[in-house]
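Structures follow.
What follows is a pair of complexes built around subunit A, which joins subunit B in one and subunit C in the other.
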Partner chain A sequence: MKFRVERDALADAVAWTAKSLPSRPSVPVLAGVMLRVSDGRLQVSGFDYEVSSQVGVDVQADADGAALVSGRLLAEITKSLRALPVELAAVGSHVELTCGSARFTLPTMPVEDYPTLPDMPATAGTVEAGPFAAAVAQVALAAGRDDTLPVLTGVRLELEGKTLTMLATDRYRLAIRELEWRPEGGEVSAAALVPARTLNDTAKALGPLGGSVTVALSRGGVGEGMIGFSAGARRTTSRLLDGEFPKVRALLPDTHNAQARVPVSALAEVVKRVALVAERATPVRLSFGEDGLVVEAGGTEDARASEAMDCEYTGEPMTIAFNHQYLLDGLAALDGPVAVLSFTEPKKPAIIAPAGEDGQITSSYRYLIMPVRIGG
Partner chain B sequence: MGRSQVVPRGGGDEGFGADADDTGCTILHVDMDAFYCSVEVRRRPELRGRPLIVGGAGPRGVVSSASYEAREFGVRSAMPGARARALCPQAVFLPPDFDAYTEASRAVMEIFRDVTPLVEPLSLDEAFLDVAGAVRLLGRPAAIAAAIRRRVREEQRLVCSVGVAPTKFMAKLGSTRAKPDGLVVIPAARVLEYLHPLPVGALWGVGERTEEQLHRMGLRTVRDVAEAPPGLLRRAVGEAATAHLGALARGHDPRRVEPVQAEKSIGAETTFDTDVADPDTIRRTLLGLSGKTAGRLRRAGQAGRTVSLKVRLADFRTLSRSRTLGGPTDVSREIFETAWALFEALAPGDRIRLLGVRMEGLSVAGTTPKQLSLGESEVGWREAELAADAAAARFGAGAVRPASLLNQERRPAAGPPSRIDHADPA
Partner chain C sequence: MRLVIARCSVDYIGRLTAHLPSATRLLMVKADGSVSIHADDRAYKPLNWMSPPCRVEEAPGVWRVVNKAGEELRITLEEVLHDSSHELGIDPGLQKDGVEAHLQELLAAQPTVLGDGFTLVRREFPTAIGPVDLLCRDADNATVAVEVKRRGEIDGVEQLTRYLELLGRDPLLAPVRGIFAAQEIKPQARVLAEDRGIKCVVLDYNAMRGAKSDDLTLF
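And now, the complex of A and B:
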């Protein structure tokens, strides 16, 4: 194996692949990235039995062949190289990398020990890369991080006709977003539970490329329990999470007794400031009334803070308390300058939706947040 | 103990018995009778009825505890052993076994803490209890005192005396008068009637020197002190003691019952009669201990964030593990699940002598914010356990409990007693 390639192309390809490599691999070969050259094209791939990533790069190939080298090391090397053409060659049990006058010799691992990457499942449809990445970011933040509840560490993808819906919840908040997409061959009705971290990493990497992302979902037969995403020369597959996602949609209240409209950035600033005195387990309290909104935190004996701000509010005066980080997460995810907060009562979920300057709700994004019960 | 000798004991309880008006008498002073001796007699019944002296052996030994039989010969605590031997040569002298007394003390204090978390131990054998918060659940203070005496007798085979009064000082005077094996209630309206005829030496803080100085001023009874002009008192005992003695003599004692450590953690533990390896027994025991812990938390109005498990093995190795929850709880279900998970992770693999469950990181339950979760039922285990508390308050402890604990022997209730044992021989 021997080829020449531009540094940026190589660095991007290795970085994309290396991000999914396990930090403590169950077998040493899984810490490697596979470099395989044929027909003037380099395929860089990584796999940890859960997630696979692969990307193709056009190269000037002198000799076909394959080599398996440490992914983390190669990623760091390629990132730090000068912007010059890179030459890579397999020499015996090593790989020689030269770039300008820099020269690296890396040990290789046996190619034949490396597992075969799973095939992409059948294509289910396509979605715009940019909006898809934005929507994934909005939803994935609500997914759980507690591995003892694996179902909640996933984002549920629902493919129904021309609508792709994503939801995630860690029991304390719930994020949901609908997106238009183009199902392959008409009617599609399917659902999948994708590990939130993988989905988020993938969408973040594919989004800036523009164009469209192909969603591939196994429905029986080949690649059962697998989802794939591809865009341009990149593709990734991931095992789906097992288990029944809780039926959270029924928990979304469809009516409200009170509604507030506040500028997102102003509210986020106030909450951040006031929350400086809120200890780990203590919430921020939001009191809505005719005169606007007062945000408070702190107890009777601890440090206290409060700040008032303007707010358009309809409904009976109400005080409701939230974990400030959950509230800030939701505000940061809104794709509009104004937040519309809907309440029923202080112990029931509140819903935050994005709106334009005119107060009209602008997208299908909904961030539901469970309050903190205070005073018994 | 100190100068309790100056207080008249027993006999002639003119209306200070268990049926006196105990309204507002929420302080109990519980004093174990001849504690070390009683613990010795408990494990060596052949000593019953004989004069018994713990400590005092050796040339410089001092009497730690004397049985009532030995006291008839004039033997007192803190008396040199040689003198005790001279007074009562036929007494059995035993070396003190503080491990045994500490263990017995712990068991007795556990009974007190079943009644109220506000327990202030003064030493191994006496404690103040504030039962103001327990009255609604467990009945009137005198009934609670009688129930404590009965439980100590039935469960620990030990005897105690209890004073029931509106203040610590009066409660302590009451228990001294109640000894041995008695119960004295000092009604709030009769505090002065009780207090004023007593000699000045009965006042808390009055030792021999102060007593002498008061006597020199002609102040012999508590009434004399109460009625003395402040200037006279000041000259006798100085500025600081004047306010203190004046208040005490008028029946005022603002000291509160300060539970030692009770604010840091609340828990329960049990020692098995024989070492245990059976997981079912361990599980049931943890369930019972968790229930007890949760009940104590709820009675104290507290919730804890950290569950800690204590396991003592047959060879006396003691292991402990703890886990901090997402938020504070006073629900036995949550405590048990965590305690059991800790036990399973610990997998001690040896026979077990003692199990304990304890909640740390306490905060006041009502004010503790709780992050609600999606789809959480508004009526859960906590409500079920509150209902069980209410049932226990009416029908006695253990009226409602987990089904897996049903076949266990029902413990005597600390609740409203069906009979009041004021017929105890004084």
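And now, the complex of A and C:
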């Protein structure tokens, strides 16, 4: 194997496949990325039996062949190389990488021990890459990180007609976002529970590329229990999570007793400032009234802080408390300059929705957040 | 256990000399012969003490506690306010793995935590190399051996692997799957377990024993 390629193309390709490599591989070959050259094209692949990633790059090939090298090392090397053409050649049991006057010799692992990557499941439809990535980022943050409830560490994708819905919850907050997509071949009705981290990494990498992302979902037969995403020359597959996702739609209250409209950045700043005195588990209290909003944190014995700000509020005066990190997460995810907070009661979940300057709700994103009991 | 509360002063004569001026203190003389002198603060650390083996020589107004090295603790008693002895018997020792036993008990009562349709065959299922924590049947009636730990580490996986190998030889049970269940599973242990086809289940102790956290949740 021997080929020449631009540094950026190689670095991007290796970074894409190396992201899913396991940090503690049970078999050493799984820490590798496979470089395979044939017909003037380089295929870079990574696989850990859960997630597979693959990307094709056009190269100037002098000799076909394959080599398996440490993915993490190759990713770090290609990232730090100067912007010059890179030459890679397999020499005996090593790979020699030359870029300008820099030269690296990397040991290789036996190609034949490397597992075969799973095939992409059948295409379910396509979605615009940019909006898809933005939606995933908005929803995945609400997914749980606790292994005792594996079901909640996933993002549920619901494919229903022309609507793709994403849902995630860790029992303290729930994020939901609808997105338009183009199903393949008319009617589609399917759901999948994708590990949140994998989905997030994938969307983050595919979003900036633009174009559209193909969603592939197994429906019986090939690749049962798998989902695939592809865009351009990149593709990734992931095993789905087992289990029944809780019926969370019913949690979204359909009426509210009070509603507040606040500029997102101003509220986030105030909460961040006031939360400086709040330790990790202590809440911030939001008191809404005719005069606006007062944000407070801290107890009688500890450090205390409060700050008042303007706010458009309709409803009876109300004090409600939130975990400040969860509140800030929700505000950061809003895709509008104004946050619309809807309340029913201080002990019932509140909904945060994004709105334009005029206060009209702009997108389908909803962040449902559970309040914290106020002492006493 | 002999408890004496007395106003006393203490001198330690050994490698280092130390002196405790006169004050009211608690003197504890334990069954192993050790003597410790406590003030009315701190949970466990005495002001001064003599570890066993040592002997106590009691004379009116003065105790001498001497060990083999000839070091001496001299307690000068000015006034004895309390003096009592109690037979405590043999202590069962600190049970650090009390949680582990409880987890096993809770899992036995609710085997579905391990997977839908799981039923318990028995706790402490005997094998030639010791009992397996739990033996269950899954929804398809296949045998599942479960090792329960508080903290899941490599040695727990090794232990379960040995049981699985042995149980797998029994034609009435084979094939036997393994589940490694713990409150917390170390990444190394998880890799090893999954590499051997053993499923890892992280247990939520509080949820299993029905201790609800005070936090409000959506569901």
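Assume the second predicted complex is superposed on the first by the 375 of 376 C-alpha atoms of A that agree within 3 Å, B and C clash if a C-alpha of one lies under 4 Å from a C-alpha of the other, contacts with A are read in each partner's own complex, and residues count from 1 in each chain.
Rule of thumb we're sticking to: contacts are C-beta pairs under 8 Å (C-beta built on N, C-alpha and C of every residue); 3 or more make two chains touch, one makes a residue touch a chain.
Keep in mind that this is a model prediction, so the values were computed, not measured.
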| item | value |
| --- | --- |
| Partners on subunit A (subunit B, subunit C) - clash or fit | clash |
| Subunit B versus subunit C as contact partner of A:L149, first or second or both or neither | second |
| Touched partner set for A:V91, first subunit B, second subunit C, both or neither | neither |
| First, second, both or neither for A:I374, with subunit B first and subunit C second | first |
| Subunit B versus subunit C as contact partner of A:A63, first or second or both or neither | neither |
| Which superposed partner A:P349 touches (first subunit B, second subunit C, both, neither) | both |
| Touched partner set for A:R171, first subunit B, second subunit C, both or neither | both |
| Partner chain(s) touched by A:P246 [first = subunit B, second = subunit C, both, neither] | both |
| Partner chain(s) touched by A:S26 [first = subunit B, second = subunit C, both, neither] | second |
| From 152-160, 296-304 or 332-340, the subunit B stretch with C-alpha clashes against subunit C | 332-340 |
| Intersection of the subunit A residues that touch subunit B with those that touch subunit C | 169, 171-174, 246, 248, 251, 347, 349, 368, 370-373 |
| Complex contact set, residues of subunit C against subunit A | 185, 187-188, 191-192, 194-195, 202-204, 207, 214-219 |
| Subunit B contact footprint on subunit A (complex, rising order) | 169, 171-174, 246, 248, 251, 281-283, 299, 321, 323, 347, 349, 368, 370-376 |
| Subunit C partner contacts - residues on subunit A that touch it in the complex | 22, 24-27, 146-149, 169, 171-174, 246, 248, 251, 347, 349, 368, 370-373 |
| Footprint of subunit A on subunit B - complex, ascending | 305, 327-328, 365-375, 378 |
